[in-house]
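As structure tokens, the structure follows; a few thoughts come after it.
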Amino acid sequence: MLPHYRFDRAKVIVGFDADFLGTWISPVEFTKDYMKTRNLSEKPPRMSYHVQIEGRLSVTGSNADNRITATTAEFGVLLNYIAAKLEEKAGTANLPVKADLTQTRVSKQTLDKIISKLWSAKGNSLVVCGANDVRLQILVNYINHLLGSYGATIDLARPSYQKLGDENSVNELIDKMNGGEVSALFIAGVNPVYSLPNGAEFKEALQKVPFSVAFTEYSDETAEHASIVCPQSHFLESWNDSEPVEGYLSITQPLISRLGLSRTLNECLSAWTGKSATDYALLQDYWKRHVFPLQKEHADFQNLWDRALIDGYVEIKRPAKKASSFNMNAVKNLRLDSAKPSGDYELVLYQKVGILDGRHAQNPWLQELPDPITKAVWDNYVSMAPQTAKRLNLRQGDVVRVSDGNSEIELPVLPQPGQHEKVIAVALGYGRNTTKRFKDIGPDWISKRPTVKEGETVGENAYRFLKWQNGFLHFSGRVNIHPTEKTRIIAQTQTYNSITVPEKLGGERRPLIRETTLKEYSKDPASGNKYKHQILQLWTEDHVYTGHHWAMVIDLSKCTGCSACVISCQAENNVPVVGKDEVYRRRELHWIRIDRYYSGPESDVEVVHQPVMCHHCDHAPCEGVCPVLATLHSDEGINQQIYNRCVGTRYCANNCPYKVRRFNWFSYRKKDEKENLVLNPDVTVRSRGIMEKCSWCVQRIQEAKAEAKRKGVKLADGDIKLACEQSCPADAIVFGDMNDPQSRISKLIHHPRHYNMLEEMNFKPTVGYLSLVRNKE
Amino acid sequence: MDLFSAVFKDEDDLLKVTRQVRDSGYSIYDIYTPYAVHGLDDAMGLKPSKLSYLCFGFAFLGLIVAILSQYWIGSIDWPINVGGKPFNSLPAYLPVTFELTVLFGGVGIFFAFLFKAKLRPGKTAKLVNPHSTDYYFILTLEIKDSSFDSETVLSLCRQNNAVETKIILGNAL
Amino acid sequence: MNTNSNSLAIPKAVQKFLLLLIVAGSLTFIAGLFLSPRRIWGNFLITDFYILSLSLGAAFFVAVNYASNSGWVVAIRRIPEAISSTIWLSGIGALILIFGIHSLYEWSHSAAIHEEVSGYFKAWFNESFFIIRLVVYFVVWIVLNRAILANSNRQDKHPDIAYTRKNVRNSALFIIFGGIAFCLASIDLMMSLQARWYSTVFPVLMISGMFLSGLAIIIVFVVILRHIGYSHIFTTEHLHTLGNYLLSFSVFWVYLWVSQHLLIWYSNIPEETSYYIFRHFGGWGSLSFLNVVLNWLIPFAVLLPVAARKSDKIMLQMAIVVLIGHWLDLFILVMPAFLGPEPSVSVWEILPFIGFISLFVLVVFRRLRKSSLLPVNDPYLVESLPDSERIVKSRNF
Amino acid sequence: MSIYYSILRKPIIAGDKKLKDITDDVIRPLEQKPTLLWWVAFLVSLTVLLIGVVAVTYQIKVGIGTWGLNKTIGWAFDITNFVFWIGIGHAGTLISAILFLFRQRWRTSINRSAEAMTIIAVMCAGIFPLIHMGRPWLFFWVIPYPNLRGPLWVNFRSPLLWDFFAISTYFTISLIFWYLGLIPDMATLRDRAKSKIKKFVYGLMSFGWNGSARIWHHYETTYLLLAALATPLVLSVHSIVSMDFATAVIPGWHSTIFPPYFVAGAIFSGFSMVLTLMIIARKVLHYEEYITIDHIEKMCKIVLVTGGIVALSYGIEIFMAIFFGNQYERFMFLNRALGPYAWAFWIMISCNVLFPQFLWIKKIRRNVALVFILSIVVNIGMWFERFVIIVTSLHRDFLPSSWAMYKPTIIEIATLAGSFGLFFTFFLLFARFVPFIAIGEVKGVLKYGKLKKNLTSEGSVKANADVTV
């Protein structure tokens, strides 16, 4: 059973490689909950204390107040120590092993401090661990038990159903398939040939099954070997429902009519059982029979159904699950192996926020989504600590061979600050056969480098490094690294990573990110934001904003860097995908980007994520320089780009201090009716040779204004939700009318944390930031 | 009208004889030289060219046109917010104003000159001597009436090393 | 051949009047030190820089003409030479100015400024280094200028073109090192009045103002000398050429003025607009407009016809307009820091300035008397006079 | 004033030339069949030009993406080449207008070819703003004309629009000025021509010129007025070009000294190009007596002076950035000198500041081979100056997240080469069909410096024929 973690109730959070703000179980939900514990507008300001212990630098780690690097192999010792210390405090003693801190570099003091924090927040603390290792999970559970987290920050009464499965039974299945015991196999929602370390075994076994059916949206590695493939409708074409957390039933509705001849799994099954029905009918029928009786609120089924469609979910109350008591025997029998592992480095396999386990690999938007940490696109690679790379004399892009004795993989190196010296990290989800189709993505011209070469895939499949251990798949293991002569480019959207300029060029820190600590902030909300500038200007003020004056504020303390805004903006505004080579040439077209800066020593960096889009400056430097007036200011303060007037001199982009303007270097649109169906009809598709940039989803603003006018009401604060704002799980982005004194934006603009980047230059940007507050000493 | 013409090989001779014939009261029809001889206008008694006033006029017109049209476009016909700059961005209008001033002045004076000098593409040149555009200097005097004393003129020319003299009957120029 | 002096003299009455003005000016200055020290120091800076502009303008005029082997200038060269010989006057002024550093420059005392500026700024702008630099500038100018004047005068006695050659070399050195020194001096003395403001064209703008006012004072003296009987050596042609120079440098000055103003206006960046914010609006704004009118519009419009550049009267008027304009230029540059948002002119502005100018005029005339008004043995003299032989033989100069 | 010259003056035209000799000498290349050397040079230039044409055609067909630009660096080779060529052009106008106003009579030997160089260079320059546009076929949108789109006007506040006005005015006035100077020479050619075709063509082009003193009188006034207009024009053109950068807010671009500094730089590079061309031309066309070693020396001095102004401007910029500038400004200059493009910066400094100092030495100024090398060095240096200003300012501006690098593509290199091909193709055609030296003007200075006089006693002055200062 997977418990439902309640981050919103936690005051102290200790994460062991659990990327809960990135990819772990339910990141969107966790991000929302997590941000509830970090409320700076309350008095006194409230902020949870978050410790992240991990080998690589994850999205979650980049947001932690205290980040400690440790290999997965050290986790046992660390957890053991924490558990033992907590036992001391709780006055019990069940642990059979004593922690040997010599096996870890993490100091006793550090751990003791964490332990005392955990203990003092007893009942409001939460320890989570992402490692797929029963022994570690037992320790974690025991710690949570000692801390009284069960029933508080860990909800067992309403467990999560999001990541359920039994890994071990796959091996049983393979054995049975090999043994000829399986005569028919239906495969849906999984791709074992690709994603099992012994995928090859599965493939061979599959050949022995006389009748196999693969249900799939795309041709995948497993379906290729099935006897029958049933094309599945896309989830946006079909009806479906789900129950992510006990008691919350939600409905998926189709957005478009089906493009091809496909059926959903349910439809297939119903057709085969002879009672052919549409997925809609099937779903409604199921709800009528199974969901309707579970609730009392709606007397009429149609009522319930309508409510569910409007809200997207219904809450039902099943009889509470009896929380099983903690099994102390597991703790008492715990054994941690202390065998010296072979191999020089610990390989950590992880998922990226865009591609996840590989299920999104065929989606070019997500392939081109910059990884929140490395800012790399269209590839996986070997992340290693910069010191390690230096020691091995490896530079970014040098291809290395990673081997664990059985499997090998060749990938380019990417030095990653903040990574443990002994850890190398490789993302899963790459090397999918479906990505071969990207060889033609991006513009075609003489010096192009194809995103993937003929017959190759995007990245390499790292699943083969997963290890079966005690019936579970381990996401880490020991490997060796061998340099090769080869190099391969890694395309990144950001290549200089510090807010401080290089030492030999002055070494000054730029005041673009303003930050403070919780302690300072509690004393003075304006701490870290004390830059006084006199704004003197020579222009006569001819432009007064009498109606709306739009503005945006982004809370740096909330932004986790998850990049949902980037994708939602891309989808909303028809931003083309340009391919790996173009990104490498620094020509991606994303209208919003998240600048990620490191500070501090390379081995122990602090990270900040700063979303940047067009700042819609009232004194926009881009506007004055356009010879043909293709970029202008609206009377509501929007910096408008008039695509069909633009001749493409690019001066506006040069003169943009925030470098947010994007140029159509080529014609990216291809004549592909299917692909072009993803286009938002409210937004112009841009042609070659013109400039584009964030328009503040002006189509949404206009729509909301028209809607308000149609209804004859005043446009209310919050009626307009920009795509980025809407998709931000942390609610870090707020948009509104600063001419309305009651709006959220007006209040935020006068918040002591509010600042504008480069405000001393008098560009008068209307996008502002709230300074970053870190809960550290 | 008949003309007297004399050919010289040196500009100093020409300058001298020009001054002398003018002092003697003869009216100079024209002088043809292969290059602009410094001081010849003075010797001939030509008044300063009025073209400079015309040039000033053209340039001033350019100035006015530029300033007014930019002001009209920016402030009256199409007042829009360009980067927060004032509608009447006078400092930013200066470069174009200057360029138009020069353009009007320059193009204007060129065509005014062609008009004044009656030059145009393809016009047939009227030459007294085929070498007057190469190495000969030719003085032509008007023979208005009998008061024209060809003897004196001839002797003046000879003193100043005239290469050749002749009378051109009927104005062939 | 006695060409060492001439009979040039200013009437006794005028001399007495000038002396009176000098005394009045000095007394006002001393009184001002007690009554309105900041204002008087501001004005003293203007005055001293003004005199420096005149003498350096003339010095550069001499040097540029030497370095470019120009022939036309030789006949009038003794006038700029005499004017340039007064650099020491502003040098003494600069020494007095040292006592006013605290009243003048914010960077010398304001802690607030020190918090805002970079370490580099502090390294450059500290009192002792500032004083050392001032001394170095004047040494460079005076030494090189003296060398040129000495060779020029020696040639009167010893007709040897070697002097001309030496002076070409000295002039090149003067232009390079004197030019760099003036750039730095204008940054030190003028730009640092507003410690956080800077404009890269500023030194060049100051050079153009300096040269323009130098030309104007040369023209004033040429016209005066023509008036008192030297029109046979200082001819209309010289006046015409000087007029051309005045016209073009007036345009050059406004070109730089517009460059600075346009670019700062266009970008509207506060660290730059801080300079114009006072000078763009209100009373100072009107004065800035007047500044352009005096230094460019009037001389340009009036001198456009050739005839104007050959007329003593018009040329004298325009030179005086430019000289007033240059004072105004410096006034607008310096005084907003001391007078606040609205300009005003009082006795503190006028009397010490006039006193110093009178002293300057007296010194120039004394110098003019010391040597021949015509560099008789200059090999280029022949190109500078219409009937050179006759004039040289007449010894009437 | 005086008809006599100082003993220190030397005649402009060497040798004892008669008026007719000048015509013969200057026109000789036009009346002969082209030499093998000419053909080789022409075909090579034409080939390079065609390579450029192919590159530009490809770029217009496929997109600006075929250049190495990116979201951070929106201009690089294109505008570098543009400013470079415009700068080259400036020397021609300077020689024909400013030196004319300063009565530098030696200009007559080189003004015709220098003006031709100006016109061709402006054409080379004009191509770049055109092709650097994302949609060059809509180029005419920068022209303010009444239209049916609103009417939709252009932005008179944009420096790019100023550029359009400046470049087109400059081209027009240069062409007029050049042609005005050409009219008397065309008449000379017409009156010498033997063939009917030549007579007709030259007759058409000489506008019926007959050398009348009355017309010469107006002609000289017009010439003077055009010179007086062209002088501030040439200053304004490069000032406006500099404002393409100086009006921006980007550190390293926004600098008030840019207008005069760019003008000085333009003259500096332009004169170097004139030197390069003249040194070749005088040798190949046998014009050594017209373009003498003294001419070369004088041009070297101008290169030295303008180079000095350029160096001073570098100095002022760096000085102010370090002592007064904000951190972005200071960083920009440190980054230029020590950052990833330091190599370009130091090429610029050595070519523009260090090497020209050799010209202080008279022997080097009069050594044609060395001057030739130095002139090319300065040209390289000035190209790099623009590259440094444009690329190093853009590649690392305010937000470190956007810092990027630039590398030209083969298309850009071919386009740059093509512009040189265009330049030399046209210049070779010019040298073939138009008198390379202004015949009429050179005749006017034939007597310059020949009648010398010294006012002092002969004995005391060491005067000899080759005295130069």
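Quick notes
By letter and in written order, the chains are A, B, C and D; residue numbering begins at 1 in each of them.
Methods note: a residue touches a chain if its C-beta (ideal position, glycine included) is under 8 Å from a C-beta of that chain, and two chains touch if they have at least 3 such contacts.
Since this is a predicted model, take the numbers as computed values, not measurements.
Two chain pairs are in question, B-D and A-C; the one with more C-beta pairs in contact is B-D.
Of all chains, the one whose Cα centroid sits at the greatest distance from that of chain C is A. The most central chain, judged by the distance from its Cα centroid to the centroid of all protein Cα atoms shown, is D.
Computed centre separation for the pair chain B/chain D is 28 angstrom, with centres defined by C-alpha atoms.
For this pair, chain A with chain C, the centres built from the Cα atoms lie 68 Å apart. Chain C and chain D have Cα centroids separated by 34 Å. Chain geometry summary: the mean Cα position of chain A and that of chain B are 79 Å apart.
Each of the following residues of chain D touches two or more other chains: 153, 155, 157, 159, 161, 232, 239, 243, 247-249, 326-327, 330.
With touch defined as above, residues shared between interfaces to two or more other chains in chain C number as follows: 262, 264-267, 269, 271.
Within chain B, residues 48, 52, 82-83, 85, 92 each touch two or more of the remaining chains.
Partner chain B is touched in their complex by these residues of chain C: 258, 261-262, 265-266, 304-306.
By the touch criterion given at the top, residues 58, 62-66, 68-72, 74-75, 129, 132-136, 138-139, 141-142, 152-155, 157-161, 164, 244, 247-250, 326-328, 330-331, 334-335, 338-339, 394, 396-405, 409-411 of chain D touch chain A in their complex. Those residues of chain B that touch chain C in the shared complex are 48, 52, 56, 91-92, 94.
Taken together, the chain A residues at the contact with chain C in this complex read 533-539, 619, 621, 624, 760-762.
Those residues of chain B lying in contact with chain D across their complex are 9, 11, 30-38, 40-41, 44, 46, 48-49, 51-52, 55, 59, 69-70, 73-74, 77-78, 82-83, 85, 89, 92-93, 95-96, 98-100, 102-103, 105-107, 109-110, 112-114, 116-127, 130-135.
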